[in-house]
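Okay, so subunit A shows up in both of these, paired with subunit B first and subunit C after.
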Partner chain A sequence: MTGYLITGRPVPTTHQTCTDQRFSRVPTLQLPKRLQGRGTQIIGRYGHPCMLTTLEQSAPGWRSRLWADRWIYLFLVPTVVLIGTFTVYPVLASLWFSLLDWNGFGSAGAFVGLANYQELWGDRLFWNAFSNTLVFLAFAVPLRVGLALFLAVILNATFPLVRVFRTAIFLPVVTTAAIVGVVMRYVLDPTSGPINLVLLNSGILDQPVNFLGRSSTALYAAIGIWVWKWLGVTLIYWLAALQTIPRDVYEAAEVDGANPLYRFFYITLPMLTPFTIIITLITVIEATNVFDLMLTLTGGGPFYGTEVIDIFVYRQAFTANIPRLGYASAAAIFFGVCFAAIAAVQAVALIKFRARRRSS
Partner chain B sequence: MTRLMDLKPTPWGTVRFLALLTLAIIWTYPFVWLVSASLKGQLEIFSKGLNLIPDEFLWSNYQRAWVNAGFSVYMFNTVLVTAGTVVLVVFHTALSGYVLGRYDFIGRRVIIGILAATLVVPVGVTIIPIVDVVSTLGLINSRWGIILALAGGAQAAAILLYAGYFRGLPKELEESARLDGAGFFRIFFSVMLPLAGPVTATVSVLTFLAAWNTFLIPLVFTFGAPELRTLPVGMLAFVGTNETDWSGMAAAATISLLPVVVFFFFVQRYFVEGVAGAVKA
Partner chain C sequence: MNNYSAEMAGISRRAILKSGAAFAALAAVAGSRAFAQGTTTIKWWDIFQPLIPLHTKMWEDYAADHPISVDYTGMNPSDMMQALQLAVRSNQAPDVFNVPSGDPATLASLNAADWFAPLDDSFVFDKPYQQQTLAEGFTQFGGKLYSFPIFSFRWHSTSLWHSKPALEAVGASLSDTANWDDIRAAAKAATTDGKYGLLLPLQFTARIADHLTDLAMAAGAPGRIDWRTGEYALASDEFVAALDFWLSFQKDGSLHPASASLDARQGRSRWAAGEAAMFFDGPWNSGVLTNNFADFLEGVEVTPLPTPAGVDKAYAQRPPIPGTFFISSQSEHAKEASEVMQLMTTEEYYVALAERMDQPPLDLDAVAKANVHPTYRKAVAGFADSVRLAPDPLIRNPDVAKVYAEMRDITPGLGEIIQGAFSGSFDDPRPILQDLADQMTAERDRAIKVATDNGAKVSVDDWVFDNWTPGTDYTSDMY
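Then we have the complex of A and B:
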């Protein structure tokens, strides 16, 4: 909404600086008290662009507004019901469930306060899952984001087959993670899997490696497969981001004789900062959702070596002899809160950066 | 467009080309291997693992997966669940995206805030209450339960996509439609929704892929109903009992992945637009 009005008198608009000398001394007027917070509607305006006179209609009360907007609320019903039931309610319910000792969907839970959290604190397997998730994040996110940026800079050009290369790297993205997980068990098989055969035949290895069967390598093998599978999405993000840098910036740099490395670190990277933050945020979120791949690839083994938080929760809730739904909820909530903190820091960084760019 | 000049090989151009070619081969190799293994005999896989062309094309592997292992049923379930989810998601996200993008009303900011927050909720937090709710509704061993849970899980991106598009449409559209006597419903269904075709395409494509590939919800919803398993759930069950049947596994995986890969090649444009739009917004 532009300037406020007292009908018949021109009022300076608040959102732009007026360069017209005649109006520079007019103070910004406040909306009269009687109209404040009532959603006053402006129905027309005339006059100098910096000094609009607006015709307004006094605001209707909130009750009549709700009634006038009834169709709008009707349109929201399906979304509110679906997302309310299957996303918003579950988050709140999990908080409550985490305070229960509850052994199955059929039975009733008993309130135990913070006992589940207390038990988590001393549960070595929980901290193992927690740290596996962090290791996964720490290696997989920079690898995927960095490799994709590197490829995007190369593929952001015109040369033969460039589209074929992009499509090839994108291909794993559309495939089913859970099926990829199963297939990769066979591809990485120590005796007959093609990866080991290639490494043995080419002389890189003299003994087959059971990548998924050793707890020292399984997590890193999973990270590699995850990066391979999802790299194409990040590549598309970066390509879209690179399109936003105007060509003449590079042309100017080229005239100045800047080499490609200099151009990358001093032009491309700084100009991409807001994208870097959001792409990293998206990738961090995705890196905590690796249940499909992990369950089918290793099931969390060997010896809990690849058990990430989601697998821990799943095991406690669905595959244990005695399901522990409250305990599983507590683990999910505890990790969810830690994770929300990470995401919030990144979101705040993004907002701050945008504000700074706008003001400068 | 490639000009002739660009085709002249330069040292950097050649290195770049060879490096990218290697990368593209690594990226697609597992799928080539999979298709090859799906046509080989059991012994051939073990004795000539790296030879990608089978001695003889053994289509019987596919028959074994499709009929004996039940992948025809899993395919049927996956198609139903995916189709149902796409329809339901387009329906509810278009409606809410329209009003959120075009109207100012009491509660709008709250709804947008909640939607944005749902983007960062890990799936581990929601799965137990979802199973609880769906069992209470009596839909735990049913395709409807899966469809509802999928359509209600984190569709904020689709809603925001619709909202952004509808916000950009000119105001005159509604005004002229209103002068013609169209009400709120008519304006939406006969003026606005048809105009949003590109967004509907993008949302459908993204939802299709997400629903086809989804795993956790169909997994926990079909513990007690093997006949309702979807392809990835069936795949896990299959290798659980037939671990040594490499060619059967490969045929089953090829059957499961082929539709989604073919689909992707046809609708690549919408997919890339949708994904790229998410970052720009």
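Then we have the complex of A and C:
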């Protein structure tokens, strides 16, 4: 590959023309060592007469470039090894496992081709888990992102105790999700839980609500808990994003007589668009990883009412009497592919939407 | 220890470090000395938390005059299989372990994956009641002895336990022959003042499936499989009636509302805290209550598996009991492990085991000699009259193991369906139960086909036992 390299090395043209003492010690023009003998030649120079920079035409191969940037690669090694071991390898291994009939007791399974995927296609409980995950996403993500933005706009102002409020909202984030699941079972308990006690004692209800025990309410209770638990993180994102909007824009709008609602919809929201996209994306990813909370909160019950895809995979791989690692892997891979497809469609739509907006 | 308390004790930080280092050095020396003496350490994993004091003492006594010690790790039942899978695959399996589910299908799969090693030839298990328990696929593989049960098969988990003071306070009581309607009425009466009649551990699906099966058998069902025809009987009238009986508590409002989110341990402690009057549980309830709620136990009464009509005897058919502990094929100490396991076959051991008040010991007569709570004695005495041994196709035809190993769990299973009925996921459980029975039949047919394709000689007729009469023991000579 042919390219131009501009070395940062200042080279005086002649000692006669350059009187600046700072450059007097610079050696005569020569190629940097790393490029010598590799088909690189100097084709020109530019810059201040005292500090000419050489313009070199070089044809370094990938090897020489690799060698040239060896320190970069050296520092990348730990990351590559860790990601390779704990992310890439498991994904590739799952891909292979998904083609096996394997109970995990023996050292290897039997190759069955796409049979696991075929079975998934007709598995009601897999689709139930799939739809539970989508319902979770559909409710939890807008709720968390929207509510956090609402709170961020309020808490972005300065008023007494604002830090206390911010801390209070952030506090659940630092607790362990699995512990939150256990504690919430007590909080939502139909007989002794504080929520039911308040509802009963205040006369709003005359019968306790079994939030986690009814199929109709369990998933939504879980969504509520998840949103409460993670709201603080999103709030911090939004607060950081809000800091990027220059104050003078608001001041100008105020001078023009825009009320707070107008300022929000015509300044804040449009200026936050890039943040909205990234915050939503992060939240969507987090909303598909709710294993720890769900396992301790409901274990996927009652009657698979809160069985999201993670719990389905876990059940197949570990809690069944005869585990099915191949089938569990197939479920995980299949869901991953579907999810990637949804994300791709979303990305394409976004690009088209932007392009249309730009052209209009 | 923080600085302040160290100063208060007159010890400097350096002294603590020095003594710590000295202690570590001493421990290292002691450890290497023990090794030099040739002590064999058996790594032992099991889930029998209530038996820890008994086993630890037994092993320590044995280690005092034998060069064998046991390194015990108590496991959570729900994590055990996962931990074992990882340990076996990474060549770090314990020498001895138990298989929590213990069902022959799992054992067949594990044996097929070469997890087990046979007991040493020196192992003796020859008393008549011991010999009766030996069966291919349960304790033996290929005719060799791999394991043995420490518990009797004569037990069920569906005795009805109630708090006498709670019932007396509302003018109710329960006799040993109380029928389903009596129990429902008593529960209704006891539901008052923030307290409820009955608590069911609905989150523990395996347990409630056992409860319901026992109740269905009390109503006359042959069990989950009707051995006379070999067909799954899960959608029979008796199963539906038993589920209706349970659901009636919810309709009456006498079911503890938190039932849906409680497992057996949590349910038991809330029952013991006085939140409900009745609780279905196995004989180990006496043991757990003795250890944790001794005051409450004094007011507790146990009645046998209740029947719809209140007859004085209901039969529960139980499958043969599988071996309790297995030696790992990766163990280099199979002989020493067998030696330690031999300790669990003596009369004294059965008496001591009874005194832990867990599942009844293999020798039921030991309970009479043991110092146990009256409720435990009563519950176990009832088992001798009412629990009968069911046949098992695996004993008739060892090739059935290949079918068991191939059969996959059907979901939703019985436990999940019960949970679903309570959570309002469907109105009529009968078609769902029928669907389960149909799916299990189809899965068994599929597994039989796979097994026969691979050369096994097995057919669905192996599940049919014409000469079986419900309410009787199906002994080995009847196969």
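Note that in this section the second predicted complex is superposed on the first by the 264 of 360 C-alpha atoms of A that agree within 3 Å, B and C clash if a C-alpha of one lies under 4 Å from a C-alpha of the other, contacts with A are read in each partner's own complex, and residues count from 1 in each chain.
Convention: a residue touches a chain if its C-beta (ideal position, glycine included) is under 8 Å from a C-beta of that chain, and two chains touch if they have at least 3 such contacts.
Note that the structure is predicted; figures quoted are calculated from it, not measured.
Contacts of A:P302 after superposition on the shared chain: subunit C is touched, whereas subunit B is not.
In the superposed model, A:G213 makes contact with subunit C only, not with subunit B. In the superposition on chain A, contact is made by A:F318 with both subunit B and subunit C. Applying the stated contact rule after C-alpha superposition, one finds that A:V183 touches subunit B and leaves subunit C untouched. In the overlay built on the shared chain, the residue A:I154 is in contact with subunit B alone; subunit C does not reach it. Once the two complexes are overlaid on the shared chain, A:Y117 sits clear of subunit B and of subunit C alike. Applying the stated contact rule after C-alpha superposition, one finds that A:L125 touches subunit C and leaves subunit B untouched.
Residue contacts after overlaying the shared chain place A:F264 against neither subunit B nor subunit C. Residue by residue along subunit A, subunit B and subunit C are tallied for touches, and B comes out ahead.
In the superposition on chain A, A:F105 makes contact with both subunit B and subunit C.
Applying the stated touch rule to the two superposed structures, the overlap between the subunit B and subunit C interfaces on subunit A comprises residues 105, 185, 192, 318. Only residues 103-107, 125, 185, 189-192, 208, 210, 212-216, 218, 298-299, 301-305, 315, 318-324 of subunit A touch subunit C when the two sit together in their complex.
Here subunit A touches subunit B in the complex through residues 62, 65-66, 69, 71-73, 75-76, 78-91, 93-94, 97, 105, 151, 154-155, 158-161, 164-165, 167-169, 171-172, 174-180, 182-187, 192-194, 197-198, 201, 228, 231, 233, 236-237, 239-241, 244, 275, 278-279, 282, 285, 288-289, 291-292, 295-296, 309-310, 313-314, 317-318, 325, 328-329, 331-333, 335-336, 339-340, 343, going by the rule given at the top.
Contacts from subunit B toward subunit A in the complex involve residues 1-2, 6-7, 13, 16-17, 20-21, 23-24, 26-31, 33-34, 37, 45-46, 49-50, 88, 91-93, 95-96, 98-100, 103, 105-106, 111, 114-115, 118-133, 135, 148-149, 151-156, 159, 184-185, 188, 209, 212-213, 215-216, 220, 223, 231-233, 235-236, 239, 246, 249-250, 253, 256-257, 260-261, 263-264, 268, 271-272, 275-276, 278-280. Residues of subunit C that touch subunit A in their complex: 78, 81-82, 85, 88-89, 101, 103, 105-106, 109-110, 112-115, 194, 196, 202-203, 205, 256-261, 275, 405, 407-409, 411-412, 416-417, 419-420, 422-425.
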